[in-house]
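Paired with chain B in one complex and with chain C in the other, chain A is shared by the two complexes that follow.
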Partner chain A sequence: MLAEALARHRWWIALTLLGIAAAAVVPFVLMPFHVRVGQMILLSTGLGLAWTLLGGFAGYWSFGHTAFIGLGAFAAGLFEVNALGTEFMRTDPLLGFALGLLAGMAACAVAAALVAWPILRLRGIYFAVAMLGVAQVLSELTNSIEAFQGSLGLVLPRIPAFGLRTEAVFYYLLLIAAVIILAIAFLVKNARIGQGLAAMREDEDTARMLGVPTERYKITMFVLSAALTGALGVIYAHSLGYITTGSVYRTDFSLNMIVYNLLGGIGTLVGPLIGAAIMVLLTQVVLGSFLNLHMFLTGAMLVALVVAAPKGIMGGLAGTWQSWRRRRTAAP
Partner chain B sequence: MRAPILQLTNVTKRFRGLVATDRVSLTVAAGSITSLIGPNGAGKSTIFNLVTGYLPLSEGEIRFHDERIDGKSTVALARRGIARAFQIAKPFPDISVHDNVRIGALFGRDGRRDVDQVTERALALTGLEDFADRPAGDLTVGFLRRLEIARAIAARPILLLADEPCAGLNPAETEEICDILRRIRARGTTVFLVEHDMEAVMRISDNIIVLDAGAKIAEGTPGEISANPAVIAAYLGTPDAA
Partner chain C sequence: MLAVQTIADGLVLGGLYALAAVGFSLIFGVLGVVNLSHGAIVMMGAYLTWFVWHTTGLDPLLAIPPVMLVLFAFGYVYQRGLIQLAVDRSSLLASMLVTFGVALMLRNLLVLVFSPDFKSITPGYAFNYLRLGEVTIDLVRISALAASLALLGALAWVLNRTRIGRVIRATAQQELAARLCGVNARHVYGMTFGVSAAFAGASGAILGIVLPFAPPDEANWTLNAFVVVVLGGVGSPSGALLGGLVLGLISTATSQLIGPAFPNAMMFLILVLMLMVRPAGLLGNAFAASR
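What follows is the complex of A and B.
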């Protein structure tokens, strides 16, 4: 199945590898500001892809995925500062960061597994709103419990720069993370589980009737999506250096993950990249000088795009391609 | 007498105060087309929902191949070889016809084995090969019914529950569905059918079970059922009831 998928998508894979190679030279040729914009595109792409593992593939839209950005960030930060300690982080910062990353991912995976049973019994808008609640509860707990340092703030240990500028280090970390998440999403989409998830997204009851283990699949995807979102949260937190509840439990993160997918094409692998690139370039570069108007213009553009292409840019392109092919084959 | 493949014993389903099925006992013989008929509200769909694990029993027991299956999940039953084609076609509309059927082959009984051949065979048996690349949402009602059956048989069922596959179809389409069901039986799959089109039921059934108001009122061959006074009364009413 995988070999067949690799052969079928060989041109996309070649294009992706070229894109990764091009992205790898960005920090050497662009100004630091543009490298930071690249960082944001990579972070947003990674978040969009991690969200789509559950939302795009299985049809379970989460309105509160920022829960895992915040949880990953604080779990890693507290683990590095309190469990490993300043001395360990000074002597072996790379290992410390790697262990912090694993701790952040594990915390998100465990939290997702714990809430999965009650929360994934809900469908549609009920699940979406329940996730909003999970994010709110975690955010409040981080803020109110003194040991978590959410209101006071937490200074994260520095990670080694390997002679690179700080923005380049985080750019590469986010590039690696985005590529790994993309590879995982590709494997999932093209494996047996991906077919089952597609069936589930279309009609969960019928999928069960056909033998798709829907409960197991959605819990697996929820935990995987949470852990990967958590990993991005850990990297993002380190790029900030100092985090508070408000800087990592952000409602706009949750909403943007959905927007990237809607804009680029929900359930596709390229969609989140296209959506993230458009949104980040639009808000940070094109409209960067019109701060008083930029939310209005962004909103207006989003409405126009959703009306023009309800299945996102990739969905719209696929539809145009299919109708062109049909016309071509129907022609005498 | 063929061996029984499905046995319901004193199956009762209550929805709060309403008794949907009342101590229904019935047997479906292996390799047969057995039809379950009755007026609206007789409990036919409830029986299908109980057999496929969509609803839990209130009382009684259901056996499939001598194994007690009441209480088992829908997924577990699909893996054991019970598939269902729904009354209202439920295709995966954005997925191609081929991939809809392939999902049945991937996850049903013996999933993963010969998936491509099983998919092609199911498409051929239902006459859907020419539509394989189309999104399922583009199909007409008649072809959606075929897709429903194709997807169910791709799951390699031992027992196929077909829920009103002829509803809303014209006579020619109905005959095609009957042909498909006969071919499925000829391949060794038992068909348990719920259908309102009496002509179709009489033509293809080996055995007919009649329900009325949640209880079994008759069972027999098409000839016996069409002459049964209780069945005639259930369908047409009695002079006293008027």
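What follows is the complex of A and C.
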């Protein structure tokens, strides 16, 4: 199945590898500000892809995925500061960061597995609102339980720079993360589980009747999606250097993950990249001077999108392409 | 005596929750739309009342009718202009996204116009209180509870006894049949949304005199409304009242017994338990669609 999928998508894969190679030289040619914009695009792409593992493939739209950004960030931070200690982080920062990353991902995976059983029994809007609740509750607990230092803030240990500038280090980390998530999403989509998920998205009851282990599939995807989102949360937190509840549990993250997918085309693999690139360029570069209007613009963008292009750019392109082909073949 | 005091506080808060949730419940029941901007409309009500009170010195309870009128108009236009468009062009889930987007826009606007700081409305009688045995209740809280109950009663009367109420209920039951009987369903949807927004605004006004408020609270009020609806059932003022009172009691008892950080966590736990054990709500209607 995989070999066939690789062959079928060889042009896309070649294009992706070319894109990755091009992305890898960016920090050497562009200005630091533009590298930061690149960083944001990579983070957003990764988040969009991690969200789509559950939302796009299985049709379970989470409205509270920022829960895992925050949980990953705080779990990793507290682990590095309290369990490993500053001494360990100073002598071996790379190993410390790797362990922190694992801790953050593990925390998200465990949390997701715990809430999966009750809330994945809910569908559609009920699941979406339940996830909104998960994010809200986690952020409140982080904020009000003193040991988590959510309101006070947590200073994260620095990670080694390998002679690169700071923004370049995080750029590469996020690039690696995004590529890994893309590869995972590709594998999932073209494996047996991907077919099962697609069947579930169309009609869960029928899929179940036909023998698709829906319960196992959706829990797997939820845990996977949570752990990957958590990994991005850990990297993002380190790039900030100092985190509070408000800086990692951000409602606009939850919303944006959906927006990138909607804008690009939901359920596709290029969709999140297109969506993230457009949104980041629009909000950071074009509208960069209206920082206090960011939330407003994100909201307005979302509203305009749902009303004007419900299938997203890729969906719209695919529709146009198909109708063009149909017209050509229909013509005498 | 502490227990009685907790119950009294819980009931006051519960009345407020019920009033804040009843509009959400109505929209959900009639249009099938989950309005994630409901909390933001509640906050709009609070800020409008604060603005009226701050500039003219009008008693906040007297400011409720004009605030309701303004928000009714807002709700009507919002539904006819945007929500209906989203439902027509894609799906109910997409319409929920639209309301999510609008919630963010409103929150941002409130921050820009009124600053992100906490505000509170303190009328002249804010520090008077009533003593019944050993339980003390501020006059503000009593008037808040009374106003909440009166408004809920008024809505129940409108829904059950007036023509527009009958039309709304008919449309909720069977849109097609209602339209065949000559009901302009779209107008009814707009009216329902307007009524919902008006009551959200009223609850905002009352919340403003009981608690300090800030724009980001909107998320909490939306979630509260959802929990109230899950507890009490969809679409009826009595369900909202029951759900609201239960939620108010749970919330005050939790902060009293476990700690002030946990009411929301407890609420969420109860939400999940309810959805799993009794998805039809305590009064038992219309949550079958949740699984």
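Methods note: the second predicted complex is superposed on the first by the 312 of 332 C-alpha atoms of A that agree within 3 Å, B and C clash if a C-alpha of one lies under 4 Å from a C-alpha of the other, contacts with A are read in each partner's own complex, and residues count from 1 in each chain.
What we mean here is this: a contact is a pair of C-beta atoms (placed from the backbone, for glycine too) under 8 Å apart; a residue touches a chain by one contact, two chains touch by 3 or more.
All of these numbers come straight from a predicted model, not from anything done at the bench.
When the two complexes are overlaid on their common chain A, residue A:T283 makes contact with neither chain B nor chain C.
By the touch criterion stated above, A:T166 is placed in contact with neither chain B nor chain C. Within the superposed three-chain model, A:T214 lies in touch with chain B and out of touch with chain C [touch as defined at top]. Note on chain A: of its two partners chain C and chain B, the one contacting more of its residues is C. In the superposition on chain A, contact is made by A:Q195 with chain B only, not with chain C. Touch criterion not met for A:T244: it reaches neither chain B nor chain C.
Shared-chain residue A:D203: touches chain B; no touch with chain C. The contact surfaces that chain B and chain C form on chain A in the two complexes do not overlap at any residue. Residues 34, 36, 82, 85-86, 89-98, 100-105, 107-109, 111-112, 219-220, 223, 226, 260-262, 264-265, 268, 271-272, 275-276, 289-291 of chain C are the ones that touch chain A when the two sit in their complex. Within the complex, the chain A residues that touch chain B are 192, 195-196, 198-199, 202-203, 205-214.
Looking at the complex, you find that chain B touches chain A at residues 52, 54, 73-75, 78-79, 83-84, 86, 90-95, 99, 102-104, 106-109, 111-112, 151-152, 155.
Contact residues of chain A toward chain C in the complex are 61, 63, 118-119, 121-126, 128-130, 132-134, 136-137, 140-141, 143-145, 251-252, 255, 258, 262, 292-296, 298-303, 306-307, 310.
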